[in-house]
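Below: the structure, in structure tokens.
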């Protein structure tokens, strides 16, 4: 380091790009262009000082010796001519982060997990939308347990396994998808973004995952297919009291090549009581002009969720599944199984799959968390997994949640609410959320020591903290007689 | 859609009722009168825009195509003449909800669950009333566990069962009632509403449920009978130290055809220490003129609950039940059983029923939650259910709570505090609360897949989270000798 | 009611005492003197309106009919002459409660449980006193579990037992006491009240309970005996590194007839780290002039608790108990047993009793709660209860706590911190707290259905929520060899 | 006490040092110089009043009699001449503690536990440093459970054992250390103090404990050795994708006599998602000038932790350990074992030790707490402890935590984050923290009744509150075939 050439700040500041990057440290000027990619701390932090003085940031983490031992002598370019320092050079490089008003959406790139999308939606969506999306039945016990039961299941990570390459590709009902994750069907996505389900469909197309769509979609299935011609859908059917209307829908599904399966909804025999939703309605109805007799009938409240469910047939039975089969040649699955007993019945009925779901806790509070039902099937009738596909939704917020469900036998999982919250940012929002989930899933797989999903198994988990929540005996036998032990009922 | 007739805002706005309803969407005018009942989102939301422009609300949830595909062409009436738009037309339809002052009761229709009634009472009842109604023994552990133990019991819902028609009718001691729910006897309802227990009685009459009344009712049983001639009552007897006074009451009950049973109170052998109640008294007594000697005796506090209990005989035993039988020919039940052992003794004593109750946690803190006692009976002596009726109160706040108790063998359940809080709104308040409970119960029944209460059974529940709280061995044998394992006591 | 004599407010207001009490209800004047004692709501509330208008308070709880049906016609005295109403008569009888400044002690009568005394002390004692009394070891886990484990044990109350008369008398080491409750020895009571332990001694005398006193008492045992000549004491001995000093104390004890037993402290082999206490010291030491070398040694903090413990001998062993016996003929007990194994060793060593204690959580955090140790003895070596007395302290705050300990085999329990907090009010404060504990204990006994302490037994409790905290195997055998399973240690 | 000589305040105040200390109590002047060391309350409190009036402080804790009974008559020096009292004498001795601004470090002596260092760092370190040090993976469940699981393990203390002398010396891999505690390797200590790891090294030297250093140290291993020539280190190796770089490091280690062992990192196969860290990065990157294409790639966030991990090889396997052995003759251990299965494999692979660690919860959320893994080894393969040393880190905050790990078979434990927070105060900070840990450990040992670490054993603990979290069956067998029970994966 004999060359002590003086360099002016003007000279130095021209070398300020990734392709030509000088920095000053302790008054010595270095060319770090070639070193950028090697920097253990990443190139971004260096580029922040490209063509400028990096002494302060450097000293925060490095001993003075590090520069010299890591760079070859020819990278030393000279010494800063301090007489050329001016106000422009001396000004701090850090830009003060501006504080956003609470009702404005922050830049998408600053959202780093699914919870962030929920927080942003809670602040920027209107009251009615937030109430409809976020609400769940009565005391929210099932909604919260859906998530907390995942958190109470522990991994048993294995070490020293080659996890360089990790593969998340998944087959669902014969189709190939990039992730064991699909978008759960959810109603009224247009409430949060004008493109609604179309935005979701386009994101699913670009990310290679499946989308569920429902009767209550803001857009028709034809519109969705037009929006995203290569997205695979499954159709979530709420069977109408007027069966002909449902038959017509099934015929449409059969004719639509993008629809890969029919999921018959069975966890909403009756609309649940979602109180946040009802409260918005209760407030609103005060200002609606209506005849006294109608007002009288409306006394129970009944938010958006309830009024939308008016057409659903609460009389649907296992027999009706034959009727469904008559109207479509596509795979038929049940959406909303909540017990091992019904899982077994679905298997015996020859269905193609079941989606374990409690409707996100929206229908009956203290219904079992879906992951508990999955454990119940593992314990009481594991043969189900051999004969049909099992999916899980309700409570998935993390890549670790996906992996836990897959370890316990699920083929894939669905996310509903989170996807709606991501739709707040349109297609890009949903894509960003899918990217996050993929990153989290891959990170979790590598850190428990597996590289493909067929290596996932129950023994990579410890469920001791929730095992007492899993039923071990048969539940209510179908069509049984008088209840035992209830004297009043016998009279 | 060839007819492009221009329509003025004046013309359009005359079609503004359920019987003649036009709306404007994207400048096109549609007659939606016939469609109102078919709208999946309910008619209310459309009527809000009757005779006006609905574009904004429509676009929030629907794609532009939906209008045309759901309405026949003849429902298209023309095109909005924009030149006729004036201030009246353009003003927003939403009325701003007024914010109520905290001490004013909100409209009854905006209360949608039992908790709401409690919240309103906490803000609008006076301190003494709130303290007397809401307080419970010492650290409130039993009061809170009464509710939380219900929350820790999970349903095991079954799907695909025809639940179109659901029936909640219940037989209690031979009488027919619309619900497995009665009003628990509670004292001093007049504190919160001038009509007190009379208002409750009238609500029970209109809703077809039973009412319990107590010694400490603000109104006499004759006044209640006059108020609600077709209500069925049971009388909760606190046996007086002066037995003749109780005998007189029993004779009155026998002579009153509306009284269907006598419930002898056994969970209040000694008045509990309800500290919220005592604190009101402690503050108040500072300002009461009294002689020093009397003041001295009052040192322990002793709120409204304690002073009211002064006449109750703590010497009541199983032998005294024979004396009760001598003074009435009506069914006799025990109110306040807290162990399977006493349930079995009640059965052996030939009683007609038992009400499992810890007095709402008001008497002895860390007494077992009633639902735990019900589980103890299921586990240790299920034969009890075959030979007598079992009721439960303490902690019932939701329709799901009612259903869980019935699943575990209860004939019916009682609600006490919540009914007092509903009395804040008089008869209509109690009716509204009963409506809510019925709706919640029916929703829960349908969503677990049953249509009548005799289909309820323990195997529709999973109690794994509370099973460790249920005793499995015999409790204190009656009339036993010296305690084992306590040396000091033997001296 | 034919007599309609008009009565002036002046006339009425002279009948304003318990011996001559008139009240006005709905303008009718009644003589309620004889009814005062019969009023189910107590006499206090009526006396509040003696010689005045009670209409408003009456109407709050009673129907209009109640007056006439409860009072004989001759008690009707006439009709209020409304023309005589003046400002004095009309003014409201309720005196507004004055709000106390936070650092002023409220009237003793408004304190209704042991927590109240703690709250008052936290606001009115100085920082150092509060820190010394309230602090416990490090993270306060044991301190809090001492209380919460009591709360997690449930009663199994029995009904319909004659509980008119209840007896709490207890024999402790042959002496008779009014309660199974003693004052735990605690240091430095003078910090909170000038009379310190003397005030406690006088309260114990008037209430008939035993007091423990310690080496670190603010007053000598002679001073205490002078203050309360008929109080029974036990002396808590911290054995001094200089044995002769302890021998001198033992001789004093032997000569003092009020000292009934020696409790040798064994749960403070080393002073615990009480951080609240150390923080006060750490702050204070900043301002103390001291030589640099001394300051250096003081680095670890060391609050009042630690410096006071400097003389205690950490070398005390079972062998030393023989030395204790040589210096006193009085009963010798151990204070601070924390395992069933040591309870058995104490029994085998022929001791007279053991006090299960973790020093109020002050010495080693995550030491087992005392009530758990009591359960461990019940489970692992119940013969201990047959051969020696067992006492419990640490965490007793309620009468229910006392009863639970007695049910599980304890002869009596001690309260330490609460008694110090009560000393804030001197002798009267301690008496008031003892009264409260007695009332709570009697209420609990009656409400589980027992009338004397020898009826208490473990089967009146359900411990399912804490059973997993109770060890079932032998703990560390005394004087064993190399630890198993620790490779490093073997080197 | 016949001599009543009057003494002026000027005379008294000259006796104001530890070597000549007079105090005034109740106007009487005493020479307490010889008594200073005997005072049960310590000398500090007396010295505070040396040469001054101590009446107020004395009376707070002592009865008037105490002075006379504890001091010989010749220590009485005379009576205060009140006429000489002036303002200087009368001014209060207590100095008001100054309140520090929140972002200023309080004096080191006022920090009394490891939590204090964390609190101070949270207030005084910059955002980026705090985020990098404190963050952990996603929902922080493992980070928090690391600590709380220690808190849920109870001691079973034994009493009456001679614990005068206690010894904490520990052998680790053949070396002698003063404590079973080492500094866990952690990156970037320079962020919080300019001397970074050098300060830690010097503290370890003076305190006689071992220090782990990592690839990502702010200082090189030569610089550290120069700083602290007699400190023993182990080197935590992150194996580089470019094996030659790691080989070079191993050669350096072999040549460095202070490096006593190589710890190969296996719990960071892939960098975890530390969201606090990523959020700082996400905010920062908004202001960094970079080309659009680079910005695009950075979308996932990736805080300091993630970018630093870019060079780590996720392909490391058990086979590679042979390669490590080829490059060093020093003991080789694994850092990051999280299952009994891998512990057994490490034993079978002939390793010298394993460090149970989940990287402080920084890599995979819901990884098992390290203390649970230790329990799993105790339960499933205790032979591991006989054949290799086992260390534990993650969650150690207290001396009791150290003792619990040692009781369960650990040779020593590591502290990482806390040591970084202590480095905030440089070498003295780390020394102070080590002193605190030693004091807490010794206090805990004495209070459970042991005097050397080889007396520690599992039966001194009760783990009933966490036993359900410990796996009892084999986890994922290495290199197994298709997962059972996952139909989708088989396709």
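Order of writing sets the chain letters: A, B, C and D. Residues in each chain are counted from 1.
Quick note on the criterion: contacts are C-beta pairs under 8 Å (C-beta built on N, C-alpha and C of every residue); 3 or more make two chains touch, one makes a residue touch a chain.
Protein identities per chain, from UniProt: A, B, C, D = L-lactate dehydrogenase (cytochrome).
Because the structure is predicted, anything quoted here is derived from the model rather than measured.
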Request  = Check every other chain and keep only those touching both chain C and chain D; list them.
outcome  = none
Task = Taking CA centroids for every chain, report which one is farthest away from chain C.
result = A
Task = Have a look at where chain A meets chain B and say same if over half of the interface residue numbers show up on both copies, different if under half do.
result = different
Query = Upon optimal superposition of chain A on chain D over Cα atoms, what rotation angle is obtained, reported to the nearest 5 degrees?
reply = 90
Request  = Quick one: report the Å distance separating chain B from chain C, using the average Cα coordinate of each chain.
outcome  = 38
Task = Could you put a whole-Å number on the gap between the CA centroids of chain B and chain D?
result = 54
Note = Residues in chain D with touches to at least two other chains are numbered none
Inquiry  = With touch defined as at the top, which chains are paired up in contact here?
reply    = A-B, A-D, B-C, C-D
Request  = Enumerate the contact residues on chain A facing chain B in the complex.
outcome  = 138-139, 141, 188, 190-191, 194, 196, 215-216, 218-220, 223, 266-267, 269-273, 275, 278-279, 282-291, 294, 298-302, 304, 307-308, 310-311, 313-318, 320-321, 334, 336-339, 341-342, 363-368, 372, 468-471, 473-478, 480, 482-491
Complex interface listing, chain A residues touching chain D = 16-18, 40-45, 47-48, 50, 59-63, 65-66, 69, 94-95, 97, 107, 109-110, 112-113, 151, 153-164, 170-172, 174, 180, 378, 382, 385-390, 398, 400, 406, 408-412, 432, 435-436, 439-440, 442-444, 446-450, 453-460, 462, 464-465, 467
